[in-house]
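Next come two complexes, and both contain chain A; in the first it sits with chain B, in the second with chain C.
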Partner chain A sequence: MVLIAAATYSVSYSADQAWSDLQQVSPIAAVVVALLVAMVLDLVLPRRAQGPVSAAITVIGLLASLVAALLLIDRGHTAYYQFAVADNFAVFFDVLFAVLGILAVAVSHAYLARRNFLQAEFYVLLLAATAGQMVIAQANSLVSIFLGLELLSIALYVMSGFARQDFRSQEAAVKYLLMGGFASAFVLYGMALVYGATGTTLIPAIAKSLGPGSSTNALLLLGILLMGVGFAFKVSAAPFQMWTPDVYEGAPMPVTAFMSVGTKAAAFAMIVRVFATGLPGLSGEWAALLAFVAAASMIVGNLAAIAQSSVKRLLAYSGIAQAGYVLVGVIAGGADGQASVLFYLAAYLVMNFGAFAIMVVLAGPDGDRDRIGDLDGLVYRNPVLGVLMTVFMLSLAGFPPSVGFMGKFFLFAAGVHHGFTWLVVLAVLMSVVSVYYYFRVVIHIWTPVEAAERRLRLPAAAGLAIVAAGVLSVALGIVPAALFGLAQAGAVPVAGLGGG
Partner chain B sequence: MATFIFLVAAAFCIAGAVGIVLFRDAIRSVLSLVAVMLALSSLYLMLSAQFIFAVQVIVYSGAVMVLFLFVIALMGPVREQPSTRLRFQGLLAVIVAGSFAGLVVAMLGGVRYHAPDKGAVLSTFGSVESIAYGLFTTYLYPFELTSLLLLVAAVGAIYMSRRERP
Partner chain C sequence: MLTAIWLLPLAGGLIVMLLPHRFAKWLGSLVGLGALGLAVYAAYAFDPAAHGYQFVERSPWIQQLGVDYFLGLDGISVWLVILNALISLIAILATPVDMRGAGRFVGLLLVMEAGMAGVFLAVNLLLFYVFWEAMLIPAYFLLWIWGEGPRPLYAALKFVLFTLSGSLLMLVGVIGEYVFTGGRTLNLPDLAAHPLDPAVQFGLFFLFAIAFAIKIPAFPMHGWLPDAYVSAPVPFLVAFAGVMGKTGAYAMLRILIPLFHHPVLWWDWNQVMPVLGVLGIIWGALMALAQRDVKRLVAYSSVSHMGFIVLGIFSLNAIGQQGAVLQMVNHGVIIPALFLLVAWIEVRTGTRDRAALFGLAPRMPVLAGVFLLVTLAALGLPGLNSFVGEFMTLLGAWGLSPGLAIAAAIGLVLAPIYMLRLFQGSMYGERSAPAGLHDLRGRELALLTPLLALMFGIGLYPYFLTRVMTSLGVPLPWS
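Presenting the complex of A and B:
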């Protein structure tokens, strides 16, 4: 029997193919190598050197990953028996995640030292989460998507509980673990049903297997519904948003900053890849599901944000509302819809990460200072931070000439163009509501305080990251063409999408 | 016959899954999970995936479940209480013992079982060789990702459970 088996399985995986496959996933490989190096060095280095060295390795690995991703532009194809792909859509997200990782390291280093938990594990987990995000971006199979999702989630569960003496941080970790586990189970069950209905996990093959009878295939529709629920959990869209404010509030501030952008972008990469690329023939079905989720998110997020007194919670609800806006672009579909989604996620990276990064700088040695009153007179304590926080808030609210305005413009234009006018009208109305709570933050920033209030010191690396985010928030709003060109190049061309 | 076995296994699976959720006693939930795992393993066997069947029984029903029970027994205030015994246990024992006795009688009587379908290549499908071949060629990427996932989970678990360094 052994002889028969050996004859059946003559090895067909050559060294050339292995090398070519590895090149296609080189952005992920660079991150993973940095992760392994940081982990091993942590064991041999003296304790004082561990934090700075692992931070340096993390940045080097992420820069290498960024370069590797840029080299793949227009040169990617599928790899590893089609489990991974390096098309421009994937490369766009790889670049986004590498930049996010670098910004996160810049912001968190001084914070970790101040709160006395500067340990190499933080960077190992940060790299693992980044690798997971990139795996999702480069996934061409439901299996790869799920593994990337779990890699990202498990790293984030631990990161949100990283402040081990902080009761709130521990609570956030447990809540996130339980809710995230539920969401993953939903996604997995949905994927299993889709596999059962189509007989394949490869996303292009799923698209091909759809026929006229697919819209009445109960297995397939149930699979779409379950995957949609799981994905909505991950982008923190209503009515599956309840974990978001608690986890954002409890997790250490740099972790909140990282995951508020990272999970959202990764989950949208997942949604576009699975729904728009894998199930184009059923766009009517999943678009209806997502339209409900989008409308609910915009209403719940914006109305709940009004009553918040914690900036973390306020930004959490704002993030729920923002997920609703981005879903408009996904539902609209087509090349313009997808390009608007990519553009908005990049815009969200600079403006939302910038806002959270400023809250990171505000934190004290005992914990995060995230009451809205902690922002009082920020502009007098540190003019740069005060002005930039104002810029980020205006950008999130969608005021011209910020990148947030251009992002919303592209999303809503795509929505109207593809016939989802009612959703766009709701989105615009809710954006008006959002102005109220974003302005509340701005008013606190510009409220005069006692002269005795001490000035705020800004760590160099964090300051650089915040200023860069602020400059980009304005510059990309005035000259959006460069980024939008990249977003258009990254959009996956799919015919026959949308309602219009 | 195959449909009948499937229905029985599926019924056990669902009953066990409901039991996991409904039992208040953690030990009973875990034992229900064992029932689910065993029922699943019989489903794997029906799909001619012998290797997965064996792994399912040894790793999940065996090792993982014993660990679960250990953890619950060590952590939780679980006490043996006479009132918590299943009321229909006696009846259940009769049914199980009866069917086992029937099997023994049938075996001694030289009964012939249904032979495997001619078309299925049982010697290769689901065997160790075919799984190893798949893992290192077609499924290399998911395989490597899984190993990375387990590594990261280990790092996270060690960080969370480590004693505070002075």
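Presenting the complex of A and C:
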């Protein structure tokens, strides 16, 4: 893409320009370099050393990416002929994805060994998916968004089927591939129509090309509709959520943990970037569409979660409902709406990943143990895990003083502020429903069991990641100002046209 | 200093949970005593002549939204903070040492104390909400894990879902209040200085009032109460019934009255609330008359008493509201004593059935004497504490509407019927109870002594409490 762009737009592409552009995408570059190194070393190293070495390279690459992203704060601009951008919005997501990747490595390491999976391949795919997420975050053009989306999705299709002996995992991979393919096709069709209507794929240029007649331009509206459907697939919002529970349930637990947060955050980055930045003039049109999707997600997710007996499925439906809450912030729009979306996604990272990470630790050599009954007496088998799982559930349910409460408060405040009170009231009523199923998990955790003596061993790396997520879930709720400040910095008007 | 009042029990509670069980009760009592000491010291240092909040602690919390960490103490909250600390200490002391998981139990009691103290201290709406919700979590675990009877889990879930549906609606109210007042602040004095349009007040009043009415619980939101009270373990019930219900009444006084003093659209909420209060008084009393289970009887009598508090608050005059605050303290003193006595009788006789209890007085003269005293206090005998509170409440209600005051007085007539019938039936009778019942132990009597002393003290000199409640009555321009 970069080369084509360079060839089309300009014949003289100076070394300075190349260096400057590379700096802007350095978080992605760091991940890609780590990916290549891990891939090559996998061929060279003896099998026994592959796992630890690729894990180390992955973590180093992600740390480098994290540092590179932090260095870009307030200093980013567009690059590669505006195909990429490193504004604070992009940087916020880069950081989010780097942290998610590191947590995922910490949690997966012991799991892969226990289930005897190929380790190096897993980390390479993890890096590819992370690179895809970051491309989406830094995309400033419909084309680069689609590029990132496919990079992310293809890596995840393979990861979902990573348990090659497990029929359910294979089924999940096929289901995800087919559904994801549909979604990608929708997105691509929509993008093509928007390109046809506006004559450009650059998001800021799309915003500029909108005029008074745009709201009746059938081509454009159909394009928005199709993109909206595709994005709704990716955030697993109703009525396009069907794939989520099955894929979450079938995929190996660390993959579920990774994609439950990663796909959702990346998809919201796309939605905010395309809709709020690219189509602000048509907000009335797509806000109505998304309001329906948000309401449907909250109702379907929360009601369906009640009846689940698998923790994976329960969290899948809870994730559908949570997508509905986040959409409230997207629809509200404005600086406060976007800031609340970013804040909530960061909150979702710690609490939802934390909950899944605990399920990863519970898994046995034969497979994932994700029946809700498998949590029985967790607090007596391992007090740390039991208490933290309780914290994650209460945070997801939105109890203060957890980060989940603050996130909901910011989202709902933005919603009421911008006149979507009915949606907020619905979200609140559905939150009451959600308490019921989150508390069901808590009840199982605290139910005394006979076999309580069987203590659960906690791998060091996974334990560290889980404890960190737990501490953050509470600390960010008590002192939300710092993170909210970052979210606000990330939310300032994204449409950087200068530079590059 | 105010931060210490809630932080000490919180930190202490978390430590107690981690320690071996045999230390739990003693360390917990020590923490509770420390919290009580802090609260009493705050009251001692409290300047009765000054208006507004004292010992104010204020620092930015979420700067971006203008939300402050803002604590303060005034002539109303000071008594409730002390009540909270005292009753929580008694609850900890009443915990049996050999209880299953006593360490976690005592720890959670302390965490709950911290949450309730925060509710009484917060002067920022969001901070208030955080404490309000946070106290629900320890209450849920206490009610579920240590619950008695056949369905503790059902009772606990019912309680949580009831209160939560109210408080999440209140969250919408908090956000609405924030947005409608211009989105600059959530500090209560500033909000009170910007009264909203009556129609907006009408809507917001409803959102807040539902949450508070459920917590009190006020008629007709009391559906969760009988199940929760019956299945609650007694040491928890002491704090639960004694203090947590007061948070709802306190919040009405602290938030509903000053922020929404003219909530009129389709009707005037200020005229609906006192009627609900009176209905609660009569309904609770009638239900208490019909109960055989003594614990349930006391639970319904509690609904009746809380009706007086609602009536007093919405009499909207100084004397009625002072009576309501006094009544909050009185009820917080009497109900724990009643529940403790009922529990001790159950331990000795093995039953809570009113019909199965008879002739206990000859076997347990001391217990009978104490029970009589508490009964008389509960039904409002002059000279004991409840009389003053109910009298002031009725006086205030008379100022609002004589008809309501007369209707409320029906509750005063019914209370002696169900209370004295309970006392007579269980303590006296044609036969004496079987021998071998141990009278009140010294330790148990010592636990009740502070409560009995308060019943006399407040009854004889209520002015000590009411003299600092200078901010009550309408309008309420607190600075």
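Throughout what follows, the second predicted complex is superposed on the first by the 478 of 500 C-alpha atoms of A that agree within 3 Å, B and C clash if a C-alpha of one lies under 4 Å from a C-alpha of the other, contacts with A are read in each partner's own complex, and residues count from 1 in each chain.
Criterion: contacts are C-beta pairs under 8 Å (C-beta built on N, C-alpha and C of every residue); 3 or more make two chains touch, one makes a residue touch a chain.
Computed from a predicted model, the values in this text were never measured in an experiment.
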Judging by the criteria at the top, classify the pair chain B and chain C on chain A as clash or fit. fit
Touched partner set for A:Pro480, first chain B, second chain C, both or neither: second
Which chain makes contact with more of the residues of chain A, chain B or else chain C? B
Regarding the shared-chain residue A:Phe439, is it in contact with chain B (first), chain C (second), both, or neither? second
Which of chain B and chain C A:Pro400 touches, first, second, both or neither: second
Just chain B (first), just chain C (second), both, or neither: which does A:Ser26 touch? neither
Where the C-alpha centre of chain A sits as vertex, the angle toward chain B and chain C in the overlay (nearest 10 degrees): 150
After superposition on the shared chain, which partner residues are touched by A:Ala413: those of chain B (first), chain C (second), both, or neither? second
Applying the document's definition of touch, where does A:Asn382 land relative to chain B and chain C: first, second, both, or neither? neither
Shortest distance over all C-alpha pairs of chain B and chain C after overlay on A, integer Å, is 38
Using the superposition on A, tell me which residues of chain A are in contact with chain B and, in the other complex, with chain C. none
Considering the complex alone, what residue numbers of chain C touch chain A? 60-65, 126, 129-130, 133-134, 136-137, 140-141, 144-145, 153, 157, 160-161, 164-165, 168-169, 171-172, 175-176, 178-179, 183
In the complex, chain A touches chain B at residues 1-2, 4-6, 8-9, 11-13, 21, 25, 32, 39, 47, 79-81, 83-84, 119, 121, 124-125, 128, 131, 135, 141, 143-144, 147-148, 150-151, 154-155, 157-158, 161-162, 164-165, 173
Residues of chain B defined as touching chain A within the complex: 123-124, 127, 129-130, 133, 136-142, 145-146, 148-149, 152-153, 155-156, 159-160, 164-165
The answer for chain A against chain C in the complex is residues 394, 399-401, 405, 408-409, 412-413, 416-417, 421, 424-425, 428-429, 431-432, 435-436, 439, 443, 446, 480-481, 484-485, 488
